[in-house]
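One structure is given below, encoded as structure tokens.
Lettered A, B, C and D in written order, each chain numbered from 1.
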Amino acid sequence: MAEGKVRTVQPVATSEARWWLWLRITGVLMVLFVFPHVIIKDVIVGVHNIDTEYVAQVWENVLVRVFDFLLLFTTFTHGMVGLRQVLMDFVHSPSGRKTTTWILAVIWFVVTVMGTMAIIGGVSLQPGA
Amino acid sequence: MQVHTHTYDVVVIGAGGAGLMAALYASKKAKTAVISKLYPTRSHTGAAQGGIGAALGNLEEDHPEWHAFDTAKGSDYLGDQDAIEFMCYQAPEIVYELEHMGVPFDRTSDGRIMQRRFGGHTNNKTGKPVRRACHAADRTGHMILQTLYQQNLRQGTHFFNEFYVTDIVFHEGRVAAVVAYELATGDLHVFRTKAAIIATGGFGQLWEVTSNAKTLTGDLPAVVLRRGLPLEDMEFFQFHPTGIYKLGILITEGVRGEGGVLINDLGERFMDKYAPTVKDLASRDVVSRAIYIEVREGRGIGGGKYVYLDVRPETVNKYAALDGRTRPDGSPYVVTKEELLAKLPDIIDFCKTYLGIDPMEEPIPVQPTAHYAMGGIPTTLKTEVIRDEHNTVVPGLYAAGEVACVSVHGANRLGTNSLLDIVVFGKVAGKEAAEYAKHADLASLPADATDLTRDQLERLRHGTGGERVADIVAEMKAVMTEHVSVFRTEEGLTEALEKIRELKERYRRVSITDKSARYNLELMEAWEAGNMLDLAEAVTLSALNRRESRGAHWREDYPKRDDENWLKHTLIWIDEEGKHRFAYKPVVITKWQPKEREY
Amino acid sequence: MKVTLKVFRYNPETDQRPRYDVFHLEAEPNDRVLDLLEKVKAELDGSLSYRRSCAHGICGSDAMRINGRNRLACKTLVKDVGTTIVVEPILGLPVLKDLIVDMEPFFESYRKVMPWFINTDPPPEKERLQSPEERERFDDTTKCILCAACTTSCPVFWADGSYFGPAAIVNAHRFIFDSRDQAAAERLAILAQEEGVWRCRTSFNCTEACPREIQITKAIAEVKRAILTGRLD
Amino acid sequence: MSDPKTTFTGYARYRATGQLAFLLHRITGLGILLFLLIHIVDTSFVYFAPELYDHAIQIYRSLPFMIGEIFLVWAVFYHGFNGLRIIIFDLWKPEWWEKDIAVKSVYWVLVLSILAWLPAAFIMGKAVIENHFLGG
């Protein structure tokens, strides 16, 4: 009986633990971004009032762009990590798991970069320029 | 049936507490295999609830000598006192050993092993119940079984799970091999070995209402009998007083240890009459008979075949006050619902599941339930199996646990002494067998090693007589319950014997529907039925033979204990034609001369 | 009352594919589902195969899916499940015959978490001391009877048979939080690996299925926390 | 025997409350992710191909998409609330992973997500009617 003393061991950090934690950290953060975004865009404004003009107008405010970037980053990262969790249930071989993770990482990277470029570049009036 | 052959130094048959303890010790020194028809953790040791007895004296004064005396007295002086003393003096050490292996005993406030009261265990100076049962909530057996299995895994013991041992083969009187049937494939396995330890537990399935698992069918005692070896004291089978009405599921004596009382239809606490000093905590034979008498005299609940076990806090406190019961610190004994819930969680769960009642609100309907075989395969103090009344050992054959009869329990076992018995003598068996294997060589294997098993199984598989196993077993249980239970008479026993013999005859004409090789449980259950019939016959013959009343064996036509003629152990042999023979072995008495038992 | 018992049947020696047999029985509300199976086996079809031993919920032999949910047949009363009863083998382990599944993968995971007490200090003459509170800390997980009801109810295990599964974690928990044990760090390291606790998606089927009412998901959460913080309180 | 067939049999036929929450969480998560992927790509058209953006928006304005969007909003509410439940239990209150509390919390989250969604569904439903049936 070791009175009052908490037994401790060295914490073990593994990549699985980090994926797990990341889902939760982004989960908490997203509450700040996803709910407002969904409520404003889908409910209050509505698709019928959204077009390039509308986008151009709201992005005039830099804070909105920052907001949208954080929204993009947290949701998409969370979603892809979540998708990885789901796929790991079905892909069992170590090589399969590695490949899956890499494919997801590439998709994640490409899509995130596309989205980020759009947010930085804003609405371009000359198509393709 | 394909045959596979293996070679070991020691083969342990059975993976309950006794088998696992033996395996733990044997595998330290010798190449050991454990063969069990169940996965080890499913052995019935896991059902033991109340505790393991050891005079640790953690809560109040206690001594191994008191424990030994209580055991000898509880055995109605039929226990061998050298064995009893050995066990009770080993008890504290072995309980500490279990604790060191990890068994999570409940704790006292100063961190030591918690102990509770149990029937028949007393302070020898005052005669009052003493706290001697070491417990882990009400699942002590479960914890011991799990821990022993885990330690065996740690040690890398070889397990053959879901293998039924069907025969032991001898060569020139020595153990040559153990034959087993593999449930998964239907193949036979011959384990050539220097030594074999039988640890297959009890055979409560002979009766209708029992606390024993459906797999406790006494296979190995039947095998031994078939191989021309004797069984000892088969007339002594314990009926535990408090089984759940009709189901037989055990309500541990721990409930009465915590203050629960038995109540009849008039609302009386009737144990006052039968055991004025220890009352509800008298030894099991005494309490079971008391319930039978109450029922017979019409004071069962609503005139039925059961009484109430009342453990509601109000009732407990009322009778604790009447008895002047106190806590270790001298304050009056008062319990709360929470305390009882914490100490008896599984029991409360059983009552809720199977009866739909909450024992904190309502009393529990109970009746005596077939519980424990005091008799079994006779052994010496070193667990060597003997072939006759002169203690001639069968080289290489050992037995321990409920299946064996050393005999520490005599005519009646005290609660908590079986868990003790299985670990103490399991350990001895493991050590002795390994030691023997070191010096012995492998006996040569008879060519017909698997013949008997094949014969039995093929006959059952291809039987066309149309008799149904289930009917035969049901009729056997009925007659055993009617005539070979708590009260016995010449007339009833004779009737039972005739019936059993008729059933044995019908058993030859059994047929089964499942012809497949894999997982043919129907085949194995039919085989088990044959074993039960053989044992039923041995029990009934032994009961008929003993013309006195002692411990669990109560003959209404001979209601007195008769030390002059019957202070001796019975050995019974039954040969192939069903002819039987008795011989007797003296009881070893060291310190305590037989006296009238009073509680 | 009359009950209809629909039982999954499959004998690899004779059957191409599984089927369901239907039996109509007379039963009492207080009968166990196990009693019904025993009745079928004794009177109607002796070849019906399933494991059972203690018949009162303490040996863990007869976990099966009863009306779509893992239970022990001996701890389930007819009145709790109604008059149409469907009995199927537990999911995720290979079916060997009727209701019998191969338990080996289950026990393999169990063995992987070092489910045995380890303390390499020379033992004291008497017991190692432990306070009632320290003993209480791991009481819940000592109740496990290895019936596999939890692991075979787990959606993650169905998909990924190498996931250690709740039963193995429960048994690791029993030692990790035992103040007398010294191998918590090794066990946590094992459980922190790919097929360890992080696979658990808190689906909670395990806790709902456990016939011993062990708070399994809670135990798993405690192990996760111990891995992240190193605290064993 | 762990294989997709067993898994989907289990998903479809196993009966338990916890599993309901788990399945809904998984389905909504994947559903939102699918939408999000498309949505990021089409939004980035504002930069890469503005004329395509308006075309995409046109699709969103179609009847099936608008109805789908209503459910998407529920999915976000449900997944978000349930996710918060899991996070709180996991990181702060492991003791709430106890049968009574956890099972009840599943229903609470369901009810809450529906309650939060109803006003949104009402507003969005109105938009559907106005735009598709009243020719606004």
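Here is the rule we use: a contact is a pair of C-beta atoms (placed from the backbone, for glycine too) under 8 Å apart; a residue touches a chain by one contact, two chains touch by 3 or more.
Since the model is a prediction, treat every value here as computed from it, not as a measurement.
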Would you say C-D or B-C is joined by more C-beta pairs in contact? B-C
Name the chain with the Cα centroid closest to the overall protein Cα centroid. C
I'd like the Å distance between the centres of subunit B and subunit D, where a centre is the mean of that chain's Cα atoms. 59
Between the Cα centroids of subunit B and subunit C the separation in whole angstrom comes to 27
Just the number, please: Cα centre separation of subunit C and subunit D in whole Å. 33
At what distance in angstrom does the C-alpha mean of subunit C lie from that of subunit A? 37
Subunit B, residues touching no fewer than two other chains: 111
Subunit A residues counted as touching two or more neighbouring chains: 1, 89-90
Mark out which residues of subunit D touch at least two other chains, giving numbers and ranges. 4, 7, 26, 86, 90
Could you run through all the chain pairs that touch each other? A-C, A-D, B-C, C-D
Mind pulling up the subunit D residues that touch subunit A in the complex? 4, 7, 26, 29-30, 32-33, 36-37, 40-41, 43-51, 53-54, 57, 60-61, 65-66, 69, 72-73, 76, 80, 83-84, 86-87, 90-91, 120, 123-124, 127, 131
List the residues on subunit C that touch subunit A in their complex, please. 129-131, 134, 156, 159-160, 162, 179, 184-185, 188-189, 192-194, 196, 198-199, 201, 224, 226-233
Hey, which residues of subunit C end up touching subunit B in the complex? 11-14, 30, 41-43, 45-47, 49-61, 75, 77, 96-98, 100, 103, 107, 111, 114-119, 123, 125-132, 134-135, 138-139, 142-143, 145-146, 175, 178, 180-181, 213
Touching residues on subunit A, where the partner in the complex is subunit D: 24, 27-28, 30-31, 34-35, 38-39, 42-44, 46-48, 50-52, 55-56, 72, 75-76, 79-80, 82-83, 86, 89-90, 111, 114-115, 117-118, 121-125, 127-128
Seen from subunit B, its contact residues with subunit C in the complex are 38-39, 41-44, 46-47, 56, 96, 99-102, 104-113, 136-137, 139, 142-143, 146-147, 150-151, 153-154, 184, 213-215, 247, 249, 346, 349-350, 353-354, 356, 468-470, 512-514, 516-522
